[in-house]
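Which chain is which? They are A, B, C and D, in the order written, and residues in each are numbered from 1.
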């Protein structure tokens, strides 16, 4: 296909124009605008004076520095926990499904069910189960197990971990399916050859299957990273805009939202500072996923 | 009905030259085969004829009219593709009708044409099926039918048989030949299979590395290959090439084919031929069994390396002057590897080539 | 699949099977308890949280349906999701076709732009989108929200469709051209029908996040009549904070539409939602 | 000629149309609120108002945690309801300063004379020119106190209420030993923690005198008295119910109303809600016991919120008229009688005995609810830092001293201290 005649050029323009126009208006323009917001002062949603990097400096100084670092830390913890636990579980389940046990389709279907649920539903579901007075799990832990206290979502020591667990409950089906697809893509001949060479199940898993899952690992690590650093929905549903209790659920995205739109008792918005948070957040996500992808791709086994 | 002329056509993709100064012409009703190894540019040339790709320079003329800028649909062509390219979402009838529909042929006429084509290709029972429900051979028939229904002036075939198994390929090849004999529609047929080229083509254009190597009738190509490539490409088993170092003896070149010099061959020296190393070409069927030594006729004593009976004849592999040579001999003698055999190479059937340029240096026969 | 199957009843295979069963219980138990609780009163839930209800009464559901306006929320979710999907499918099929089938001058630039669009976190565009929608008079309008969602889904849609269109055989297009089809006919009658399954993948991939989103409706739609399910559920939870039975019923109702569709089409959902991560 | 005729005809038609819209039945006012609990009351008011004037008012409450977002987003978007249930002080000033509210005057809302200047101070903007205008009609004054459940105390064998703070703490200890929760308050709901501080704190930091001093910048939040006020509030964690970390406002009310705790520190707006939760609940309300038996027992109070009119309303006249009705003594009477809260309207005395009782305390030793009245005007916001900080102390994340320092540093970024 060489350079097309005029009529075809017009057709191409006609084909791409609607998509590009929508993206330009509702994505590109707002994205460019978002970066500029951090450089101005704001009164509610009206732009004021250009202030350069003032908001970035504010972010690096008390009282916002501590808040931002805590939020960033929560994002990082979320990433590490989900990277290891969620994806570890996913890998094991994927391997179990890869054996095509009886009922594999059923197991896979159930496993993926929570992935389609709204995070609002997931958050409320677990909040009800963990309700401090009526929650079935709370009652179970106190009446049957005999705990004196059980309010993990209200305790700043456990709230983040509990919320991450909810997120794992909801999401683990996703990496599982990706790993399973990766395993299924390994030619059966390779497994057969390894078996003939005398490898046992564990050796086949460790020496053949894992190394060949490179691309699946790359994509899952990157998606886990992006998901963890843009984490918003579940902390917001559980802990509101402040990441209650005691900001233990605060994340960068939550901080951005709180500063941009205010919260219950703090209707004073700070779009400039929120903009600075969003720029930093975006830079972290972009740099992290770029370096991560480059590093992981290099390690992939080339088929 | 269409005459076809290609004038100095070149095409480049970026830095890559895929067609270089191609010129040829065929008459109305001819069957032109474009043949060559993959990547030689034959499919690109066909796509240029179809208008699916544009040439970088040069002209394409149908019936004397330049069609370079004519859209495919206006070139009055029918095309059969390698992977059939049937529309998977339409049934067979719909596939055949589509081109007619696009040309606003009245429904009644469409039905008539479809029936006619279906009868001709014996695909009537398939009309209601989708391509996915057809075998490879059936799909190929439908693809041909689709092109036929259009009653185009020029048929283009892009390796139409390469996806079929061997037996089916032979059958379909015959059908295409019959079809052409019946319709006499000018056709251009691309293949990498020299047997197809030889059996189908009224004229063959052999291509390699973006260039025409030789353009001629099948007989021409077989008997008078222009160069080493053509000589090696046409014919199965392929022509034997034996390196030789001739001496010039007057108007003749003389050389021996083995160290013992039991057979010295003299050939008329072509004009201007050097006496440097040359390549001797001889087809397997031109090598015959010689009578036993001393019976007067020259011959080469060779050790049999391999015996391949094909049925109608047997192929013997021997070494001559360090080159592996195949001889086609009658099947009734029971040869075994390791035995010796005496072979005769007829000088009258030999060709000489320049090993550097590959060009033929002996005169035409 | 003899080669794959573990030797029967090795400890390892038993462990894996146990893991599958455990995982299924962990996934299904909370959902089951939630549905069962929806039939109980708050008192029953407190007395015996995991027991079956004493009577299968639909009181909670009746209460939720009449008080919670869930019919309205579901309708709104359908309008917004469907509207956005129509735009996403049409535009990304067209753009994906152009990018997958033609080479042209700004091909690389446009494709890069699409890829970058995949990386933009939509949440961070909340404020500028808000200001922009306001300027366009599209705040508090389902149409405005539809456009925002459509733009958000287009990069993924175009990306997926480009790949699929590129994989279609060139010959098909050539055949159609020779048959006399014009650009639009080739697109709509030859190519588009061939990517129908892939359009379904794009639809599922982009529709689920739209259906489940609550942030954009919360900020962009202020009229209570326009709320979508997640937002409506949130309002409902605020109003009935200690009526556990009603809350579980609300939760069940909110989850029901999508879960039902999932039960019918789980394979397509799994394929669709993992489309970005798993090729094909 | 023809064109002119046509135009004038169109003009007349348009006038007729707009006139039709302005009159009678066609006027519909939307009214948003966070008062989910009061929906029935406002629906009744709307019904009667419609019967009287033909103006239809639609009341829509939002979840209180989402209301500010929904409202500020809607207002910033140039939309929003005609009538806005707004907060007071900083929360109102922020929106007023952005020009979202219609200034209310004696002209458009004659009943505005029914409010004291002190209450109207909570309805003003902060920056010129907005600080000169009044943007809302106050609806209630609230006081903070300690609810006590008489039946619980009686069953625990306690006959008299504590006279001093030490007695109160000793009583809590006694109840705890008997396995009865002293307080129903949870630590999950941070506004509730600020209210606890509002109950306990003033007696320690010295009420209005301290308020005036920090407003004037003469005293700092690092003042030892303020630190102690924080510490005493956080020390209540020992007397909170089981799972208090998970208990929020709704659960706290439920626990108290159902006799699962003896005390509940909260505001007067909850009287009616507690009765709704348990009609048989027998309870009273008191101020926090003073440090010494004869000392001052401060009661934090504040203007709860305002009814405001959207500056962009299409029915400014009808909206102002409705707000004028909400400022009438007739409405005030109905408000206080039905919702059991103190109406903000001068001369409308509450009929609810509990309100009367706390109101007497407040009239003697009332003090502004510190952070709400004084320090919600800018970020970082005094209320947010205080309430989140108390929660952190309870959860072991910080100390009263560190929190006081954090508040001082934060507020000093926008408030002048000497």
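Definition applied: contacts are C-beta pairs under 8 Å (C-beta built on N, C-alpha and C of every residue); 3 or more make two chains touch, one makes a residue touch a chain.
Quick caveat, the model's predicted, so the values are computed rather than measured.
S.K.: When you check each chain against subunit A and subunit B, which touch both of them?
M.R.: Touching subunit A and subunit B alike, sorted by label: C.
S.K.: Determine which of the two chain pairs, C-D or A-D, is joined by the larger number of C-beta pairs in contact.
M.R.: More C-beta contacts join the chains of A-D.
S.K.: Roughly how far is subunit C from subunit D, centre to centre by C-alpha average, rounded to an integer in Å?
M.R.: Centre separation, subunit C to subunit D: 40 Å.
S.K.: On a C-alpha centroid basis, what's the spacing between subunit A and subunit D, in Å?
M.R.: Between these chains, centre-to-centre, one finds 37 Å.
S.K.: Taking the mean of the CA coordinates per chain, how far is subunit A from subunit C in Å?
M.R.: Chain centres of subunit A and subunit C, defined by C-alpha means, are spaced 16 Å apart.
S.K.: Between subunit B and subunit D, what's the gap in Å when you average each chain's C-alpha atoms?
M.R.: 94
S.K.: Hey, what residues on subunit D touch two or more of the other chains?
M.R.: Within subunit D, the residues that touch at least two other chains are 64-65, 69, 73, 76, 251, 254.
S.K.: At least two partner chains per residue is the criterion; list those residues in subunit B.
M.R.: Not one residue of subunit B touches more than one other chain, so the list is empty.
S.K.: Residues of subunit A touching 2+ other chains?
M.R.: Counting only residues that touch two or more other chains, subunit A contributes 1-2, 45, 131, 133, 261.
S.K.: Please give the residue numbers of subunit C that touch subunit A in the complex, ascending.
M.R.: 1, 3-7, 10, 12-13, 16-17, 19-20, 23-24, 26-28, 30-31, 33-34, 37, 42, 45-46, 49-50, 87, 90-92, 94-95, 97-99, 101-105, 110, 113-114, 117, 119-121, 123-132, 134, 147-148, 150-152, 154-155, 157-158, 183-184, 187, 208, 211-215, 219, 229-230, 233-234, 237, 242, 244, 247-248, 251, 254-255, 258-259, 262, 266, 269-270, 273-274, 277-278
S.K.: In their shared complex, at which residues does subunit C touch subunit B?
M.R.: That would be residues 169-172, 174-181, 185, 190, 193-194 of subunit C.
S.K.: Which subunit A residues qualify as touching subunit C in the complex?
M.R.: On the subunit A side, the touching residues are 1-4, 7-9, 11-12, 14-16, 18-20, 22-23, 25-31, 33-34, 37, 45, 89, 92-93, 95-101, 106-121, 124-126, 128-129, 131, 133-137, 139-140, 169, 172, 174, 177-178, 181-182, 188, 191-192, 195, 201-202, 216, 219-220, 223, 226, 230, 232-233, 236-237, 253, 256-257, 260-261, 271, 274-275, 278, 281-282, 285-286, 289.
S.K.: In their shared complex, at which residues does subunit B touch subunit C?
M.R.: 47, 50-52, 71-73, 75, 77-79, 81-89, 98-99, 102-103, 146, 150, 158
S.K.: Could you please specify the touching residues of subunit C with respect to subunit D in the complex?
M.R.: 130, 133-134, 139-140, 218-220, 222-224, 234-235, 237-239, 241-242
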